[in-house]
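Quick one: this structure, given as structure tokens, is what I'll be asking you about.
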Amino acid sequence: MGSVFGKNFTVMTFGESHGPALGVVIDGLPAGVLITPELIQADLDRRRPGQSPFVTPRCEPDHCEILSGLTDEGLSNGSPLALLVRNTSAKKSDYKSISQLFRPGHADWTYFKKYGLPPQPGGGRSSGRETLSRVAAGAVARAMLAPLGLTVQAAAEAVGPVKAKTYDWAFAETDPLRFLDPHLAPQAQELVTQAVSTGDSVGAVIRLQAGGVPVGWGEPVFDKLEALLGHAFFSIGAVRAVEFGDGIALSSSFGSESNDPMGPGGPLGDRHGGVLGGLSTGRPLWGRLFVKPTPSISKPQRTVTLAGEPATITVGGRHDPCLAPRLAPVAEAMALIVLADFYLEPCSKIGSLTLK
Amino acid sequence: MGSVFGKNFTVMTFGESHGPALGVVIDGLPAGVLITPELIQADLDRRRPGQSPFVTPRCEPDHCEILSGLTDEGLSNGSPLALLVRNTSAKKSDYKSISQLFRPGHADWTYFKKYGLPPQPGGGRSSGRETLSRVAAGAVARAMLAPLGLTVQAAAEAVGPVKAKTYDWAFAETDPLRFLDPHLAPQAQELVTQAVSTGDSVGAVIRLQAGGVPVGWGEPVFDKLEALLGHAFFSIGAVRAVEFGDGIALSSSFGSESNDPMGPGGPLGDRHGGVLGGLSTGRPLWGRLFVKPTPSISKPQRTVTLAGEPATITVGGRHDPCLAPRLAPVAEAMALIVLADFYLEPCSKIGSLTLK
Amino acid sequence: MGSVFGKNFTVMTFGESHGPALGVVIDGLPAGVLITPELIQADLDRRRPGQSPFVTPRCEPDHCEILSGLTDEGLSNGSPLALLVRNTSAKKSDYKSISQLFRPGHADWTYFKKYGLPPQPGGGRSSGRETLSRVAAGAVARAMLAPLGLTVQAAAEAVGPVKAKTYDWAFAETDPLRFLDPHLAPQAQELVTQAVSTGDSVGAVIRLQAGGVPVGWGEPVFDKLEALLGHAFFSIGAVRAVEFGDGIALSSSFGSESNDPMGPGGPLGDRHGGVLGGLSTGRPLWGRLFVKPTPSISKPQRTVTLAGEPATITVGGRHDPCLAPRLAPVAEAMALIVLADFYLEPCSKIGSLTLK
Amino acid sequence: MGSVFGKNFTVMTFGESHGPALGVVIDGLPAGVLITPELIQADLDRRRPGQSPFVTPRCEPDHCEILSGLTDEGLSNGSPLALLVRNTSAKKSDYKSISQLFRPGHADWTYFKKYGLPPQPGGGRSSGRETLSRVAAGAVARAMLAPLGLTVQAAAEAVGPVKAKTYDWAFAETDPLRFLDPHLAPQAQELVTQAVSTGDSVGAVIRLQAGGVPVGWGEPVFDKLEALLGHAFFSIGAVRAVEFGDGIALSSSFGSESNDPMGPGGPLGDRHGGVLGGLSTGRPLWGRLFVKPTPSISKPQRTVTLAGEPATITVGGRHDPCLAPRLAPVAEAMALIVLADFYLEPCSKIGSLTLK
């Protein structure tokens, strides 16, 4: 279980890191949205491996095929949209030497206990490669939401201890680490280069923001906008903390400092992160995802065999030394999927309400 | 929408702050669990108002009636369990003077835009009083999970800038702020007392831990254990950030520092917070909830009327100067509800798997 | 499980036949619908026991209390609406003598196997009394849909072998058996009277029709309008067959006879029952529910004890000799709940489609 | 929406009649079930077109590819299983001449109104070809349930007015119409041959039975076993009525005739159809599906153009003159999917219940 997400814009993903293919089926996309292979490919390319020294050298074209859901003119027809990407660079042999060992920081141990199966090549379903399906679905959501003027962006606010002081979103899109601060970008790259040279990896903080979200998206109580976004962000493998607005700082502040005052068009500040009472306020929606270092490192680590014997592991294969550049598009995709779901939420008021 | 949570242990809550009653219906509780009014009351009493100078003086007995779902012997019978708590101290008049103003930091503005209704007394459905229903459901989950040896606890790790240095869980349960550090507790109380005296409020950090969670709870991809817990925690009104394990610190660390090594019984450390690959590892599950200061403060704040005219608001009514002591039981309840759901998850493996 | 129904207009019911109370919580009702206790009571009264010699003499006022979800003006506020009805005439003693026997045709045996509990008084959750909650929810759906001109009616087309030849809906509403044919009504009553005199019961066929359903309600593939209605109708205890339009007759006909020709406003006939391709056609939606005789009869029947010993059972208690008059309002309620759900379905098309 | 079915064994189908491919993704299949392409192909071949004069001559190999979810040994690994079938014989040109006309008895009109799109070739998503995905998923369910001794079979009990008097299941599997009565089979074939010769089609009744279903499957109230099966069966395009056990006959009978007496192992008869109180009784589960004649006929029919102008339509293309032989495997598949879902239902009782 667990591969279905969304109530109104429902995505179901499938595929393993070293199996025949990955993909996603989307149910709930209304008729009339123009979907081209190019727009999906554009987002897939943003998370594609093999693009710089800072990401895994596994080279996959990640070519996406649309199997259903469109008219001859390329408009969505109201039926499920199925997207398929074949694995072409699967190398199961990379994992043979460690198939009897539990990789620290990975799902090997917990999957073994849950499913009774030894570690699958490249982590199988638990691999970060699974997020490709999310990015494809996110591109579809983006296409549906774009006419509203709704935009979602994510980039690295910190790489290890290097924290951005300015946010240059255009720069980030060109930076190999997707780092937001042009001045500190060389320092961030230096840090990652050093980590690579020692067989290590580095953590990161992703900043995400959405503009153009209308007032009132989200649902009270359990399906608050932050709740669904939190669900979505924590479903991304390496994300270990999520913050909305200046949430961490607010926790050590006073109410008189933390409340944004109200104007005729809503809150006049952004400390609240764009959500009040679980509903969007019309201000930019923003937050942070705290990402742990890639658990696959080639430094020797202490572990055990499937049989429980002590062992040392050196994780080979092809890995990202820092997840930031490839995780940012995944974070965008998950936010887009959540927003698409709320966009399609049933109406919240009927007829003419009599206000006093 | 939004008042239903859980797939296998499904709770549906209802009720407004100043309406006739609040409650919850639980579907999915298996037959054979002993449920007494006392065990529900015990948890309700832990979040009950009116117990110290540090919580709202609204005095409610919060007496819980069980309407269905039990045999004459008090065992669950497999049918929905309905729990009802009447409001006895609703004071709508408290809110009359501000019913035409949007309270900063509250849901008034967003609900007005979503539902077309002016602010309801005490926030109506968006009031923290709604969490009473969750605590009642959490008590039922606790009763079902207790025989497994599963325990969930939450208390304040920080009150404003005062951060606990030791974690004394037994002390916290007796402390009016549910603060974990006996030595710093007077300092935390002093801080809140000062805030009260100036009509202000204070933020907090809640630490939550669960013991006895078996290996393998959670589901891959979208329904990871952190994803559901994140969903659950962010559904609590004032929670602005959520962290699992040492997640925030890990984001600025190296992989060689952040991976917990593996032993024959699973991970040998706790930096990962008890979850790997979205599934519980058998180690204690733990994390933090970052809570903003209560938005209701009596200091004057800048706002507008329903008609958009500038105004100054002073929020009267009866409010908690710091949410920590009453939010901790709610955090526990939400964790218990999530864990109950995973406990009832369909089986993940069948028959005898042939491992190589 | 099983007490939740609906995706957009979500109802969750609770309560046992001889427990403290029954009720329902509805999530998804938009703000702005006028809901009065009277309109709910009106529908509850239509299925209320104790109204004629042809229904159970159990006398319950079935007074409905609204616990949440309304503004002071009686408008829905977008939050869950909770409705409560207390049991006042529970007589557990009626069932003492048969608590060790499985009643034929009832859920006693299957519930015993599923939950490990002996038969509960009056069937507990499996009692027809549970349908009270559905009728209350149906009344709310009716109030929401009425402004569209949407109406739903159900009445008896057959009582045992007595089949109506004319359909007089106004008459049925006044007839103690809710029988549609005024001329044959005495014959139907005579049949039931005879059955009562011999301690027996009689089956029936309910005809249901909905007017004013717009074109296009329903969803392709699994959530066709008939599929959801079929789900809803078969969830009513004694319903053993469901037919849409002239479905049974069509199964022995030719395509040239069964297709309704098309005109500019849709189909020109009603053999199809108002649904094509799973979506409403704009014509009246209609069908039949085939209802088995009440399984509780006072004629001696062959059964076994909980321990498996052969025994003879005579079911006392207070029962309906024919379910038609009280089941018709339940069928209406279920249809209304399904239609309410589709009314709130997310939009199916976006923007301006370019048609060739 | 509408292409997702099942809570625990969740299937999501996709694909149009004349698009690139059809398929299904299954989430919830536990690890450890042996799934081979052959077992899926075996069921697909049973509904495959082009096999006799009584089914559409469209010739498709319906070759099924497994894209994910298996270990190298062919065992399910707990992840989603994705199945893909490419369309190879799509002939959009067949539909060009009628693309501006609404076919009577089809979804053209309702889809046009819902999605704003003119009739898609072959009905697009509303085509019976969509059921291929269900049969593939049903084969997976069958593989999971087979070790329990659970079997599901469906065949024709009636073809037009020709009704089987004996049920020879082995014969039916070899008969081109899947007709149950060897003696009347020639008569049924003669009837269909005549219909074909006049450009007409014929209705049918499908009988379905499941053996080996344990006691207690199903859920009370809304998710009764009949309710889910009814939902599933009515989701098959041409099904217009569904009956469980002798439901239609019972509706005109007396309670003393309709109740099956109880023995130590449950009911002693089969009039109830294998379900009491919504839960399986351990007796064979059985019922009937009443199927309308194929709406595509080459006899001239009265219709209108997209613009509403009167017209006459003659539906060409390649169609089944009687749906029975190809719909029976679909009915089996839907029953298997429902049973798979209940097999994986969370446990209904816990610990040791104290019975009096």
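Letters A, B, C and D mark the chains in the order given here, with residues in each chain numbered from 1 onward.
Going forward, contacts are C-beta pairs under 8 Å (C-beta built on N, C-alpha and C of every residue); 3 or more make two chains touch, one makes a residue touch a chain.
Since the structure is predicted, the reported quantities are computational estimates derived from the model, not experimental observations.
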item	value
Longest centre-to-centre distance from subunit B, chain (CA-based)	D
Between subunit B and its twin subunit C, rotation from the CA superposition, multiple of 5 degrees	180
Euclidean distance of C-alpha centroids - subunit B vs subunit C, Å	38
Whole-Å separation of chain centres (CA-atom averages), subunit A against subunit B	26
Centroid distance [mean C-alpha coordinates] between subunit D and subunit B, Å	45
Numbers and ranges of subunit C residues touching at least 2 other chains	1-4, 8, 13, 28, 31-32, 75, 78-79, 111, 114-117, 125, 220, 345-346, 348-349, 353, 356
Complex contacts: residues of subunit D adjacent to subunit C	1-5, 13, 102, 104-111, 113-118, 123, 125-126, 130, 158, 160-161, 195, 200-205, 215-216, 218-224, 226-235, 237, 239-248, 250-264, 266-268, 272-273, 276-282, 290-297, 299, 301-304, 306, 308, 345-346, 348-349, 353, 355-356
Subunit A residues touching subunit D - in the complex, by the definition given at the top	1-4, 8, 10, 12-16, 19-23, 25, 27-28, 31-32, 65-71, 75, 77-82, 84, 111, 114-117, 120, 124-125
Subunit D partner contacts - residues on subunit B that touch it in the complex	7-8, 28, 30-33, 73, 75, 78-79, 144, 147, 220, 344-354, 356
